[in-house]
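Each structure below appears as structure tokens.
Below, subunit A partners subunit B and then partners subunit C, in two separate complexes.
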Partner chain A sequence: MPAVSDRLSRWTPLIFACALVNFLLAQTLIVAGMTWPEMALTAGSTLVTVHLITLGWLTLLMFGALFQFVPVITTKPLLNQWLSLAVLILVEFGLAGMIVGFLALNHGASGLVYCLPFGGTLVLAGVLLAMGNIVTPLLHSRPLALPGRFVLAGLAFLLATILLGLTFALALSVPAFTPLVAPLLAGGVGYHVLAGLGGWFTLTAIGVSYKLLPMFMLAPEERGWWGECVLQLGISGFGLSVSAGLLSVWWPQAVLLNAVQYLGWLAIVVAVMAYLIDVLRLYRTRKRARIELHNRATFGAFLSLAAALVIAVILVVSHRLAAYAPALVLLVLFGWLSGLGLTQLYKIVPFLTWIMRYSHQLGRGAVPRVQDLVDEARTSPWFVIYFLGVALATLGAFINVAYVCRTGVTVSAGATLGLAFEYWRAWRGYYAGRARPVAPIPPPCLSRGGPAP
Partner chain B sequence: MSTHALPSREYVLDALHEVIDPELGYNIVDIGLIYGLEVADNLIKVTLTMTTRGCPAQDYIMEGVKQRGLRIPGVQDVDIHLVWEPPWSPQKMTPVAKAYFHIEDDLP
Partner chain C sequence: MTTPEPLTLDVREELHRGGEPLPRIMETVRQLAPGQALRLLATFEPLPLYAVLGRKGFGHQAMHHNVEDWEVLFTPGTAVPEQPKGKKPHTTTVSTSGWPAPSAFLDNRGLEPPEPMVRILDSLEHLGPGEVLEAINEREPVFLYPELEARGAAIHTDKRDDGMHLLIRRGA
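Entry: the complex of A and B
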């Protein structure tokens, strides 16, 4: 048996570290007042921050997690471990190019504007490699379980999001191309956001959570027709609203397109509601009475998703979505997606650490448990502070008071830094030395008991 | 040729208490992952399962069982057979593990 099995994604820890750096960088830009809400939404620095969060943080985080968990979901290895490193390099360099391009847009540096489509192309290449690495084991798995189908759907939306983004990049930097897609540039950005936040991140996050929550809480994995409904409604909801929305950019008066778009919105609302109800059922039917911190803290992310859903419905019904969309996006990005990411990292990092540092000792002597690599009492306040910061930032964004929003992001940035420090400690085995021996060698034929509760 | 007498099944089972499921943080015997154990001709045959299909720690747990088995005097090889049927559930835990995880017995 290999010392490091093909179930371990070797580059995932590095990908997570780079993603966290990008997230902290984005938060620093907001705290420094260099982006929205102080600056315009279309300001280069705002676009830099948004893409640092969506590409640099969330997409890399999702790739790192999928490289590790798709082999778990499918029991098949990745296409190639080295592809994961290539993906990281392409996305990071592509993002750097995009950042230069965004800043050049605002400063009239026409020569550097070409960095935008060039960077976007590098990101597209990275995404295609990531898809190859992830889709290969998914397609070799028969029958493909529910989480895997969520991931496949999410990847399709990711490709659509990246292609849309690349179209915008070309329109902004190549004058000859601009008139061809002028309507898209004027009215299509919202659908680029919806495809990314909804179709890519949310569907994939739902799929991964359908595997991780039951696994870590000892709850029933089988979601039956309910989970199937969440999947089908989610795909059709985001699919219809994005495609009808994009078409309506060219034919704004088409009543049918508006109707289809509303149908899509309705499907999204039902899908997310059904998912949240299913999450509650998962928590209620769990066998593990005392759940670990990451599963307790994840509740903040689910609350954020529920709040975003309610607010989105109110805004759509009252025709005020356009005015408050940035605040809603902030809640989804920081509360739901980043909240879920940060809480799950608190389990994934020590798990990977255990595999890389301690697994070879199993059967040869006492080893620490995964739980021994973290200090929950020390870390739990950071999660509370993080979600309080997100709530404050969201409030500031909705009431349009920039300094309240910035203060909230400052609080959540501090908490992110605290959490990053705890991940680092887990990775370095800082707490492992304090752990009591877990698997004491029992005298043969005597006690059959485990460690004391 | 080994000079050690063959260990008893109970001895081997006790030894396997040293192998833990790292995520649950408890030994695999009391969790109920060991479905079968035979000791014959300096060989241990272990039939085991995992708490979930594609468990990330699967290979390491199997390697841990093998390494612990080989450390038992008289054992020359450990044959591990991974099965998924019947599926593992928390009800397969021993009473002591159920008490540790606060898991109640299913009603008949």
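Entry: the complex of A and C
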């Protein structure tokens, strides 16, 4: 029988907490007017904010969730629990290095610019460790279920994204390296973004949602050929558009590359549409009549994804993607990815808290239910406010009115803070404690290290 | 050789009283003559029993006469072996040889996690040392394993088309 430590990722709650702090920090920078849309897209502070969201918040959130759920998907343990802590430390320190490097870029502090590739290397090391930790149980589980295959594909795109980013970092900080990749620096940033937001985050989020949604709504987990289509089209779509796009940086006139790129776009559109339809099918075929708050609120994320898809198609067809790409990225980052993250956290946090604190008391006395750890009525307004804020910010970005965009982010930042407070209350057993005495708080490593007393 | 007449067991009254007829049913099954069938009268279709008696080789034929009036004929030697299509059955290494027949049964399908785990651990605490609980879950109970380990209980899992079949034996 597997050991206790095999099933619970003991560092996941700490990783979630750090990720949330990074997200709040990024939103604070936008609210303070220190980034785009007030500042240029290429401003150091804008790049700091973008990477606080993508690496500090979303990547760490995804790692924390994968460290916990890959062993559940595969019923195989992680390579090593301590690797998870090492990943957190490397990514946080790497990110700090990158932040110093980005700021130095703007202020001409050439000595400190080297922090950018140095930080990027630390992040790469952290990502490689995380991949080892996650891929090991995945490869030990054959045949691999659909969610696991999405995760593997996502991790491949993550590696591509990080390597591209590191290339940019070297080009920006090492003058001898710059001429070699000058075209990439000029025209390749969009593909770094596409590989990250699409290949890494979206494919992985789809995979994780294919596990979490059926699990808590009691819907059929087998997605059949439909799910297979989403996976294959998603991989080939993001793969083709990113690789052909990168090559077209050197050969912009190559008709074949442009055709392949459009083929990739088409595959992405079909994949995302098929996924959204499948999500609707999941909700319709669920066995649970009542949908819990996290899965009701997740609709905001799915709506954002659908809106982003429609807008992206319109922008590509009307050749206006370049002008409105930042607004589209904002919608994807805040609405789809952060929206999905915040809503699913509202289930994952109480569920993990419950498993860690109460499962050993089962059958031996009164134990609160998972739902006793949360107060849905108190929390649901925060989700509404969050998505309204995102809608306002997106509108502001599209009509190019900076203060509207900032107001929207201010609203969503307030809601994020409110939600963070609710996660904290779930973790501390605040609501369960109102009804009955709670178990002692777990030690800082956030796990039960041994057999129950 | 003639086949003996089915033995009839009526558990409707017991079910109406809120009782748990499983021990009596299992006892009756043990008393059946070789080849003899069991005719069970119940207030609902006893789906969980299909799995329990199917393991003993009994096939079933259900008749729904009226609301709260079911007749099910369990005939030995007619069970269709359940074999997942295209998949190898997944079974843990724990052997169940020497385990007594289950003295409790839980159908946890249709319950949201962690409810199946709550019910299993609750039931386990009510079993005597060495007694066995049978359960059917929708999914492999990954969070249950460490709890069972901590309590000295053993588990045997068997993944079939209709769910994850579990046999859990309480520690001595």
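By our rule, the second predicted complex is superposed on the first by the 428 of 453 C-alpha atoms of A that agree within 3 Å, B and C clash if a C-alpha of one lies under 4 Å from a C-alpha of the other, contacts with A are read in each partner's own complex, and residues count from 1 in each chain.
As a working rule, a residue touches a chain if its C-beta (ideal position, glycine included) is under 8 Å from a C-beta of that chain, and two chains touch if they have at least 3 such contacts.
Predicted model, so just to flag it, every value in this text is computed and none were measured.
Participant: Who does A:Ala289 touch here: subunit B (first), subunit C (second), both, or neither?
Facilitator: After superposition on chain A, A:Ala289 lies in contact with subunit B alone.
Participant: In the superposed arrangement, which partner chain does A:Gln68 touch: subunit B (first), subunit C (second), both, or neither?
Facilitator: A:Gln68: touches subunit B, not subunit C.
Participant: Per the overlay, which chain contacts more subunit A residues, subunit B or subunit C?
Facilitator: Of the two chains, more subunit A residues are contacted by B.
Participant: In the superposed arrangement, does A:Met215 touch subunit B (first), subunit C (second), both or neither?
Facilitator: both
Participant: On subunit A, what residues does subunit B touch that subunit C touches as well?
Facilitator: Shared contact residues on subunit A (touching subunit B in one complex, subunit C in the other): 1-2, 7-8, 71-72, 75, 215-216, 218, 221, 287-288, 351, 354-355, 359-360, 362-364, 367, 369-370, 451.
Participant: Help me check something: in the complex, which residues belonging to subunit A touch subunit C?
Facilitator: On the subunit A side, the touching residues are 1-4, 6-8, 71-72, 75, 215-218, 221, 287-288, 351, 354-355, 359-360, 362-364, 367, 369-370, 451-452.
Participant: Which residues of subunit C touch subunit A in their complex?
Facilitator: 94, 110-114, 117-118, 121-126, 138-140, 142-143, 145-151, 154-155
Participant: Which subunit A residues qualify as touching subunit B in the complex?
Facilitator: Residues 1-2, 5, 7-8, 68-69, 71-75, 214-216, 218, 221, 287-290, 351, 354-355, 358-360, 362-367, 369-372, 438-439, 441-446, 448-451, 453 of subunit A touch subunit B in their complex.
Participant: Write out the stretch or stretches of subunit B touching subunit A in their complex.
Facilitator: 7-8, 10-11, 13-15, 17-20, 22-23, 25-27, 29-30, 51-69, 71, 89-90, 94, 96-97, 99-103
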